[in-house]
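Two complexes follow with subunit A in common, the first pairing it with subunit B and the second with subunit C.
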Partner chain A sequence: MKFDKVKLRESVVSYLFLAPFLTVFVVFLGYPALYSLYISFRTAPFSADWYNVFGSMQYVGLANYRELLADNRFWWSLFCTFIYGLVTIPSSIALGLGLAILLNNKLKGRNFFRTVFYLPNVLDLYVVGTIWVLMLSPNYGLVDVLLSKLHIHISGGLLGNPWTALPTIGLVVVLKGAGFGMILFLSAIQNIPESVYEAAEIDGATAWQKLRYITIPLVKPVILFMIITGTMNALNAFTEVYAMASTKYGYGGPFIKFGNESVGATSLSGLYLYLIFERGEYGKAAAFSYLLMIFALIISFINQRFLRTEK
Partner chain B sequence: MASVQLKNIRKVYDNGHEAVKGASFEVADREFVVLVGPSGCGKSTLLRMIAGLESISSGDLLIDGIRVNDLPAKDRDIAMVFQNYALYPHMTVYENMAFSLKLRNFPKEEIDKRVREAAEMLGLLDYLDRKPKAMSGGQRQRVAVGRAIVRRPKVFLFDEPLSNLDAKLRVQMRVELIKLHHRLQSTMIYVTHDQVEAMTMADKIVVVNKGEIQQVAAPIELYRNPINKFVAGFIGSPAMNFCECSIKLDSSGALLDEGTFKIKLPPERVRSLKTNCPEKVLFGIRPECIYDARATTPQPEATIEGTVEVVETMGNEIFVQIATARNELTARLSPDFEYQIGQRYRFVVDVNKAHLFDAVTEKSLLYDAL
Partner chain C sequence: MRSLKDFFVYILLSVGAMLSILPIIWMLVIACKQQGQALRFEFLPSTIGISQPYSIKVGGKYNTVIFEYVNEDAQTVFVKAEFAGDKEVEMLSEGQGIFTARFEGITAGQYRYSFLVDGEEVVEGNGLIKVEGEYSYNHPPRNGTTATESSITFRFRSSRSPVKAILSTGQQIDLAGPDAAGYFTAQLNDLPAGDYSYRFEYARSWTEGLAELYTYKNFVAVLFNKDFPFLKFFLNSLIVATLAAIFTVALCTAGGYVFAKKNFYGKEVLFYILLATMLVPGLIFMVPQFVIVTKLGWINTYAGMFVPHIANVFGLYLLRQYMETIPDSLFEAARIDGATEWQQFSVIAVPLSMPIMVTLFLLVFVGQWSNFLWQYITNTPDSPLRTLPVGLALFKGQYDIRWEQMMAGACFSVIPITILFLLAQRFFIEGMTSGGVKE
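Up next, the complex of A and B:
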């Protein structure tokens, strides 16, 4: 009996410790998530009372989902997101791994460099974006001036040209996040015993072969993690385009033609979702976020399957 | 197959620490040489310098007569087995063993042939698809050995390969490695801190202490004729007993006086002592050279009387710790007699197997005589 009492007290104490998180989770995440599923099947009519918009929404079934799936801009935003992920994920991995390998060496001042490379991570993305907007702005921005010294002229500037705008934003995000990837890769690399590299050296491996056959396979869990979080970041990407594209060029500009419509070259799904929300189409926005969640789950599942590290 | 020569090899680290102080010795073709010494004595550093994993501060390293000081590890044609096995954790046993051949662009059939040959030799055929994680310590060690074998290198290096294994497995692997050496007939250099491993495996032992080579000799020679107190104490288990004594030389031999007992060494044993004999010496006697007085004829000038303090029963023999007023000695005795703790007994030492060392320099006073 005494034993059971101890056990009971232990579980009560455990739940007490969990309570603060669980409360926040249920109130601010669990309930809104379920509520947005509920309103994704509803819409606010033009006649709605905008002071009590959620109360006056009407059930429309799958209409929101149907409308979205028939919307070219929706598909375009997904395409942009796909391209964005294609640009940012591999380069984040390559840059993070490269920096980690460099700074894993017994380099002088490596702690300084580790700090410096990590530092941009503590800044807000909006702040970083704004600074880059200044640096990238045509004619007077630092980058544009340097490019013109190299006789490279991009019409409208890097952010104003539809071909370069999205990759440029991607590059900024990659540079900002490089330190985070570096830390992850560093810790993974430092977990590889030195003797494994020594064995490889004696087995005749060159530096490149050690990277290819030893380091990369052994940091695969970090690569998988970076792909999954990178996918999530791409699907959620908003701040960077809001900071760097929308202010100057409208919503997700510069604009190009896609089918019959004019679409923004940087109109990522996160930004498009925001625009729908801003228009007051809450039901459609909720449906959008559920579609994004389904895509995210599918992609994560595929990632897991193909990149799973064996147990 | 190849010979290895070390000529006055030194290793000085950036912080000024001298890990290896001028090591010179030779490993003949097909010889099994063991570097032995306490931990931190520099023996592993020495091996790593031979492997090319540590730079050589000064001196010459020759493999097959060619100076290889500046040759990278991968070009020295050596294979190494590490203490922690250093297997590639993400590769199967097969891939681990095939890796070096793959890097050298061997044809697939040749790789397969060699890997299977080595796996068969080591009893690993059933495990080729396993990852190291799914294997026991002994099996992993075999994979590490297999990885070395497939290369058919000039020289095999072993860095304390058995110290992570449990005692029983260690004995088993030791025998397997000896067999392997006979089978492969290749040059092997083996580092260990375990003198039993050194004695049982080596053709030749290099005893290292504090970065300096103490003695290079065949195992039995080291046991019988140690050059100094360190070697005498390091080789043999239980270790040799040492007692500080005063010494008097005359035509009938040498009389050692410990204070509580006197030992007379015969003239044949102390021939080399006539000149430069110090006043104080260390009398060294191995535990197996001490007998119970009841089992031998009385020899008053070779008798030690002392209190038995500890008796360790091994089954086939017993280790008895004997305390005189000044020293403690260990005797390795047959279990024929029983000993009461705290009682005094008389023991006889084999004076023909006694050792003498200078009490100050700790050098053997009998080394040249033998």
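Up next, the complex of A and C:
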């Protein structure tokens, strides 16, 4: 009984401390999540008063979801997102781990390199994307000039070619974010006791074996964290495509055939969702968000399972 | 063996470091380039200047006068010539401050002329132009090349030799000179009648070459652009990012403290609900957040731009992880000494968590500084509160892309944050990997 009194007092104090956070959380995160669900079953009629579009929305049941699931562009945007994740997640893990291993050596100027590698992380993605557009521009951009020195010619430039546009955007984002992965891996590697490596060396392990059988298993939590955050980033990706997709063809990048339709080669789900939102189809956009959330939950569930079985 | 390995590691790291900051360097270089030079792959100034191409007719029927006026600061230039009835004729801008106007069918003779530069009359030399013979072309005052029935007499003013004229047919001729007025001349004979174009190649100093490629004026143009008040955008970004960072840190510190150090009803459930929202794609909140912000009348306000993001679950998690390392004994001792709950928080927890609070402040500041989509939709296109990324995006959409000015604009976004990062990089890098507080 006495314990409960203490806990009750602590609870009152705790919720007082939490009140500001929870208020903002409920208003701008909790309520929106539920409201999103609510309007995902509604749609605004064409005759809607656009100054009161949410008030004039009508219940349509699952129509928004059905329309999306029957929309080729929706599936295409998911496919793009999948490819985007496939490009960005493994390469950012490899790059982050590689940099962390290199910088774990006792080198002079180690802090300098850490700073330089982390720097792009603090920069505006939109601005960095725009700079890369300039560097990647066909015929005149730095990358294209270097590629043509190597006698590699890509029609339309790397961003204007439907086959290279999406991976190129992915690599730019990976390069920009490499420092973050580096820091996470670095802190994980520094927690591995030196004695483990020494023991391996005595047993005659090669550098590759040490990486494969000691480092990678011990930084697995970081790898899984990066897979989950990478999935989230792929599902949320918008700014990078908005900044870098070839404006010549609108925001979806160069066209590619998918079924009978021409679709943008860089039309990621985040971008497609934005375009739906911009058209004022808020109900459909909300339904889109919930479908994305379901995918995100499935993926993170698979990841969690993966983590558990490996442990 | 060891030094060889280190050597390769250094090479790898240096290449990576170059690649990592390449966009910043590229941005700076392009921002300093002259208008129209952004997409030219030319970076080293050349000591050989090449003039723009001129056209000329050999064996033509009419006397033609081509006026050329060079002034980089001029906006509009008119020419007034006696043979054109002293009417003011607007000259065509050919970029880089060169203005031209062309008159045909002029009888030989001597005529008065003057320029009107942004409304101000400018008379060059004695203000007279001599139109000779039936076939002459005149380019006063810099370039007085003339043609006859079968020849061209090249004339070009330059301070250095050599000067060379290159004809569209591939013929080249070295110009002799300079004469007293500083002109180089040469005559090319036995040309078949027809249209030709030619350009001059002339020696110039390295600084002249540099000035042709680079300028500081893009920065001036961006800073004092009437349609895109970059200084204002900059200030808006600063205000929004600072407010967001202060409020986020305050909320997350208070929240993180109780999750780390208090035992209360619903703690576990609440924590998992909060963490679960991190898994949800952020776009899901966007539509309703937009509705709420609209209903609150927060469109085009600072509050609308940052308040929806200050309940930062990642920040809360970061603070909780850090505060858990503060020993409980410190709080117990304080309690025995009669410290209130608020005192325990403000005198023990907050000062000891300063490093992680600074880290979170910086992370949020940086995130808000470059938050594009949300600030884009909560501001109408004419809003005075637009932030830098939004301003930059509109800058891109509004005109034909002026890359040089756009990169100059980008510098104003990137450089402050880079400086902030370099000053506080210890907190960025160590904050996230910190081992917490030692007793």
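Convention: the second predicted complex is superposed on the first by the 294 of 311 C-alpha atoms of A that agree within 3 Å, B and C clash if a C-alpha of one lies under 4 Å from a C-alpha of the other, contacts with A are read in each partner's own complex, and residues count from 1 in each chain.
The definition used in the following text is that a residue touches a chain if its C-beta (ideal position, glycine included) is under 8 Å from a C-beta of that chain, and two chains touch if they have at least 3 such contacts.
Owing to the predicted nature of the structure, the values given are computational and were not obtained by experimental measurement.
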{"item": "Superposition on subunit A - do subunit B and subunit C clash or fit", "value": "fit"}
{"item": "Partner chain in contact with A:S195 - subunit B first, subunit C second, else both or neither", "value": "first"}
{"item": "Which superposed partner A:Y59 touches (first subunit B, second subunit C, both, neither)", "value": "neither"}
{"item": "Partner chain(s) touched by A:Q209 [first = subunit B, second = subunit C, both, neither]", "value": "first"}
{"item": "Subunit B versus subunit C as contact partner of A:P217, first or second or both or neither", "value": "first"}
{"item": "Which partner reaches more residues of subunit A (counting touched residues only), subunit B or subunit C", "value": "C"}
{"item": "Where the C-alpha centre of subunit A sits as vertex, the angle toward subunit B and subunit C in the overlay (nearest 10 degrees)", "value": "110"}
{"item": "Subunit C versus subunit B - closest C-alpha approach in the superposed model, Å", "value": "11"}
{"item": "Residues of subunit A at both interfaces, subunit B in one complex, subunit C in the other", "value": "none"}
{"item": "Complex contacts: residues of subunit C adjacent to subunit A", "value": "6, 9-10, 12-13, 16-17, 19-24, 26-27, 30, 38-41, 250-252, 254-255, 257-258, 262-267, 274, 277-289, 291-292, 307-311, 313, 316, 341, 345, 366, 369-370, 372-373, 388-389, 392-393, 396, 403, 406-407, 410, 413-414, 417-418, 420-422, 425, 428-429, 432-433"}
{"item": "Residues on subunit A engaged by subunit C in the complex (per definition of touch)", "value": "7-8, 10-11, 13-15, 17-18, 20-22, 24-25, 27-33, 35-36, 39, 54, 99, 102-103, 105, 107, 113-128, 130-132, 134-135, 137, 139-142, 145, 175, 178-179, 183-184, 186-187, 190, 228, 232, 235-236, 238-239, 242, 270, 273-274, 277, 282, 285-286, 289-290, 292-293, 296-297, 300"}
{"item": "List of subunit A residues in touch with subunit B within their complex", "value": "193, 195-196, 198-206, 209, 213-214, 217-218, 220, 310"}
{"item": "Complex contact set, residues of subunit B against subunit A", "value": "51-53, 72-74, 78-80, 82-84, 86-90, 99-100, 103-104, 131, 147, 151"}
